[in-house]
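Below, subunit A partners subunit B and then partners subunit C, in two separate complexes.
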Partner chain A sequence: MKTNRFASIPWHILFIGLIIILIFPIIFAIGTSFKPLQDAYNNVLNFIPISPTLENYQTFFESLDVVKITFNTFIIAATVTLFKVFTSFLAAYAFVFFHFKGKNILYFVLISTIFIPFSVTMIPNYLVISDLGLADSVWGVILPQLADAVGIFLLRQSMKTIPVSLIEVARLDNLGHARIMKDIVLPLVKPAVTSTGIWFFILSWNEYVWPVLILKTVDNYTLPLALQMYISSEGGTNFTVAMAVAVITMIIPLTLYLLFQRYIIGTFTSSGIK
Partner chain B sequence: MLKITLTKDHWKAYCLLVPSLIVFVLFMFWPFIYTIYLSFFDWNMVKPTKEFVGFANYKDILSDPITYKVFGNTIFYIVLLLLINLFVPYIFAFVLDVVLKRFKNFYKGALFLPSVISLVVGSILFTWLLNPVSGPAAIILGWFGIEMPIWSKMDGWVIVVLSVITSWKVFGYNFIVLYASINGVPREVIEAARLDNVPLWKIFIHIILPMSSATGIYVLIITIVQGLQYVFTPIKVITQGGPNYASSNAIYQAYHEAFVLYRTGHSAALSILTMLIFIILLILEFKFVERGIHYEN
Partner chain C sequence: MKEIRFEHVSKSYGKTEVVKDLNLTIKEGERLILLGPSGCGKSTTLRMIAGLEDVTSGSIYMDKQKVNDVPSGKRNVAMVFQNYALYPHMKVIDNITYGLKVKKMSADEIKHRTDAALEMLQLKQYKDRLPKDLSGGQRQRVALARAVVKQGDCFLLDEPLSNLDAQLRVSARKELVKIHETFKQTLVYVTHDQTEAMTVGDRIALMYQGKLQMVDTPDNVYHRPANIFTAKFIGSPPMNVVDADFQQDKLLFNKQALQLSPEWSRFIQETGATELAFGTRPEHIHLSKIPLDNSITGQVKQVENHGSSYGVYLDVEGQEWIAMSETKNWLPNETVHIEIRMDKIHLFDKETTNSIGYPKNFYGE
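Here is the complex of A and B:
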């Protein structure tokens, strides 16, 4: 092979340029969130605060019940994640280790739901949640999201790597399916379960479209909804506070990602799309 | 012998699927059918009775110039999203896999990072960064004597900026999925071509593209379907579809009809029309991805 040690340098520059474009907004938000408003206006380009202050965070905590809003976000994300992982795990197990009538059609139909646009289901779902008296409640946000085709897909891909004979031997030993799932399958697909769970948690934490339809009272808001209150197309007058709210909104997903990056990227790179 | 142990208890398999199926039936399939039903009625979500109007909602929608503006916008969004989130990451993923040797994990990790952040955060960050008067981008452009367009008030520009904001979130995910697929192409094929001094762009077009086509089509479809849904967030928080519907797309317009104008029939009809377009895409997806131009591992 013709090796040219320097041929790759322009590409490295492109990659680093792209990364700077993608990451810069985050750095900028963090820096600005610690600046007094006046400093932020006067030194727009210097995102490192000259005299760091917590006043923007203070303003946010004084104007809204931040603890309650963070708790709402957490309850929704945690409940949705637990249910999605559980229901997806059961369904994936059925799809991988059982032969039953209509299996392929059913799988096709379930996976197709990934492609159903939100607008097609929003009115009936909104009406149902209202009729159940769950409008303006975190449970109204949670209820329609207890299963997920992506979860079934990712866990199925992972379980397919387990030799079927292993399960069959366990069956011959009269082990029940519940035991097989818990003691054999779960330990083997734990990385996929963990990363699918973290991915769902992050997605739910960031969710905006459905909660904004359901949640009306500020006290019932999630963090992205609270953040939205600080936006106007002119940029808002209080943009340093907005940056503080943005930082609080992204800190959990960012931390989870930095901790579990290997798992998450691994799951998307090893699952393969079929 | 072995198959029998697993096949005799069909009902157990169905039991395992029931929890997922209940959710899908109640919150996906039934609403889908109910939306079709609503598209034939005049209603406002409050009135006690729905009035059957046949295809009147569809006629209204199809004779409304706003609809054509919105579908035009939708196509513009799709073109931009595909350009930034399919074309560009395809090339970058190829380069990372085939050309570059160092920093691979760092690049992957850093490019994926914005994908874990809320689009509301992205919307607010870019609203400020791209503020046409006092934002950093405007200041830097000012040094070169370039005036930043007041994008949130201008046809065309507004769609470009909202697409860029959405791409900030979508790019990394698509990049990783495409990278994984390209990484699955057998090394010997690529190495052999490189030994023969085949230029990189030829390797990309004649080896990589066909051998990763299933994933390519998958990313194409999700970029269109989910991309249009993702764009909803910046539209809702920054422009509310404005100015004068210049940034609205098919999905936002359905929301606008239902929850701002309270015309459920129009909203439902618009959603069903959108869905029909998506179904055509879906058929294409399964035709190519499931039957496979090429199967990947």
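Here is the complex of A and C:
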């Protein structure tokens, strides 16, 4: 097929423009995090700090237990991710390879939960968690998030590309479902599992509303909650420190994304495997 | 090695009955071909033996044991799928040994069996490749090797050669017969290809619309078809089956008549059949431009090149016939004389479509 090199120029201009819009806040945050507060107010659009300083990071590390907060964030994100991927994997396997009555209806009901706004479930979930005595605990944040229909959807799409005969060969060899999942299905849907996992991890890492409802003590805070302390009415508008916290918050998800980006792009553009 | 027996087996998906009241015994160690057009229920039948499909009613036995409720993993059958079903992420050698390792077989025994299979199927140099780096024929051989090393009681093949090109198919089916002669497992082979059925099978079970039409040796299925469907399905081009009336010792096609042999006349009288369908294979028809004894006439419609011979389409009293001829000098609308080998004819009851049988001491060969 003949392609016209020049026809793509307008597209390239559009994409470059979009990339600038997306990258701008990140550069702004990194630049501002190294500026003294005064400087930040005076030279808002000057991204490169005139007199770079680490004092914003220093303030953050001195005023809060950063290690504990990062650890809280990690524990929540990692546990939520592991469980969501695990439960989604089991459910997707059942939806693809089992035949049972009402399968399609059940799948429809599960998938429709994706469209229930968080604000609808927020209060009931909060009441249950506080009745369980898990308010102000990371486990209270984790518990309602152990399964997710989005994960079931993504993994099911990926597993549907596996020929059923592969599973049948395994069944003829007297393999149990656990073994089939581990030895055959998992290796074949690994890209989808990885990207779904990273997707969940980043969502949970950045989560704000649900943790702010549950977590009360500063020691139990997650990074997004710590960030908020510096731009709220109580914390004042110390936004250079807020930017420093933002940069720290960004590091782990960004690293994960860079490491696994080819899987992620693959899963969201196609079904994941050939 | 086991005998497989179907007793009144039916299989339905919802309201669609895909296998209807199947009664069939597959003898220990034989090669039975399940043959039929697509959608006839042959694959479903095979999958019921494997336990991959439940039986809706009736029973399947392996030797004395009823296996309806025995899970597929406990039936000790090996199966080759049409798409080969190789694990894409495993090397050839792992694909072959995986099932054995799961069974916790000793490493020595695994090596012994695998080496033999790799040798027999000429796969040695490919053992460390992934399936995606193999050709269709090689993949098919890996699938065979994986089934062979299992040394199951039954060897089930679901259209194993249909994804191969014509040349490879011929060599692959010879290979398959050779493998079977080595292991002598009960082999059930599903295909829609009558040539494969004829060349591979000890017996052929022909199915159509979920019903078993005939089970017999390739020779009998070809020479003594049990009904019109079998007669027309086996053989290429298909057998001519046309309406005919029986009178005294003649077969009448509208105003034209063919003289029957005394054996046939007596036999038809004995069976008392009147409404008949007459069958003759295209290769048993001789065409001539000059009149012959005991012949009828028809008009040439079309001539088709078959390579070694020509297929001539004829109009005989308003019914279409096809005859094989060694020459192609037949002109459209030309009237030709049709001589039929009366010792190779077939007669069917028009109503039941079943064969009325053959006279005693009649050898179809």
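Operating definition for what follows: the second predicted complex is superposed on the first by the 254 of 274 C-alpha atoms of A that agree within 3 Å, B and C clash if a C-alpha of one lies under 4 Å from a C-alpha of the other, contacts with A are read in each partner's own complex, and residues count from 1 in each chain.
Here, a contact is a pair of C-beta atoms (placed from the backbone, for glycine too) under 8 Å apart; a residue touches a chain by one contact, two chains touch by 3 or more.
These figures come from a predicted structure and were not determined experimentally.
Undergrad: Between subunit B (first) and subunit C (second), which does A:8 come into contact with in this model arrangement: first, second, both, or neither?
TA: First partner only.
Undergrad: In the overlay, answer first, second, both or neither for which of subunit B and subunit C A:219 touches.
TA: After superposition on chain A, A:219 lies in contact with neither partner.
Undergrad: I'd like to know which partner A:18 touches here: subunit B for first, subunit C for second, both or neither.
TA: After superposition on chain A, A:18 lies in contact with subunit B alone.
Undergrad: With both structures placed on chain A, which of the two partners, subunit B or subunit C, ends up touching more residues of subunit A?
TA: In the superposed model, B touches more residues of subunit A.
Undergrad: Contact-wise, after the overlay, does A:175 reach subunit B, subunit C, both or neither (first, second, both, neither)?
TA: second
Undergrad: Between subunit B and subunit C, whom does A:187 touch in the aligned arrangement: first, second, both, or neither?
TA: In the superposition, A:187 touches subunit C alone.
Undergrad: A:121 contacts which: subunit B (first), subunit C (second), both, neither?
TA: Only subunit B; A:121 stays clear of subunit C.
Undergrad: Of the two partner chains, subunit B (first) and subunit C (second), which one does A:242 touch, if any: first, second, both, or neither?
TA: After superposition on chain A, A:242 lies in contact with subunit B alone.
Undergrad: I'd like to know which partner A:165 touches here: subunit B for first, subunit C for second, both or neither.
TA: both
Undergrad: Kindly list the residues of subunit A that each of subunit B and subunit C touches, one partner per complex.
TA: 165, 168, 171-172
Undergrad: Which stretch or stretches of subunit C touch subunit A in the complex?
TA: Its residues touching subunit A are 50-52, 71-75, 77-79, 81-83, 85, 87-89, 98-99, 102-103, 146, 150.
Undergrad: What does subunit A use to touch subunit C in their complex?
TA: Residues of subunit A touching subunit C: 163, 165-166, 168-169, 171-175, 179, 183-184, 187-188.
Undergrad: Along subunit B, where are the residues that touch subunit A in the complex?
TA: Residues in contact with subunit A: 2-3, 5-7, 9-10, 12-14, 16-17, 19-20, 22-24, 26-28, 30-32, 34-35, 38, 45, 92, 95-96, 99-103, 107-114, 116-129, 131, 134-136, 139-140, 152-153, 168, 171-173, 176-177, 179-181, 183-184, 191, 194-195, 197, 214-215, 218, 221-222, 225, 228-229, 232-233, 236-239, 250-251, 254-255, 258-259, 264, 267-268, 270-272, 274-275, 278, 281-282, 285-286, 289-290, 295-297.
Undergrad: Can you check the complex and tell me which residues of subunit A touch subunit B?
TA: Counting only subunit A, the residues touching subunit B are 1-2, 7-8, 11-12, 14-15, 18-19, 22-23, 25-26, 28-29, 32, 41, 44-45, 86-88, 90-91, 93-94, 97-101, 103, 106, 108, 110, 112-128, 143-147, 149, 152, 164-165, 167-168, 171-172, 177, 202, 205-206, 208-209, 212-213, 223-225, 227-228, 230-231, 233-236, 239, 242-243, 246, 249-250, 253-254, 256-257, 261, 264-265, 268-274.
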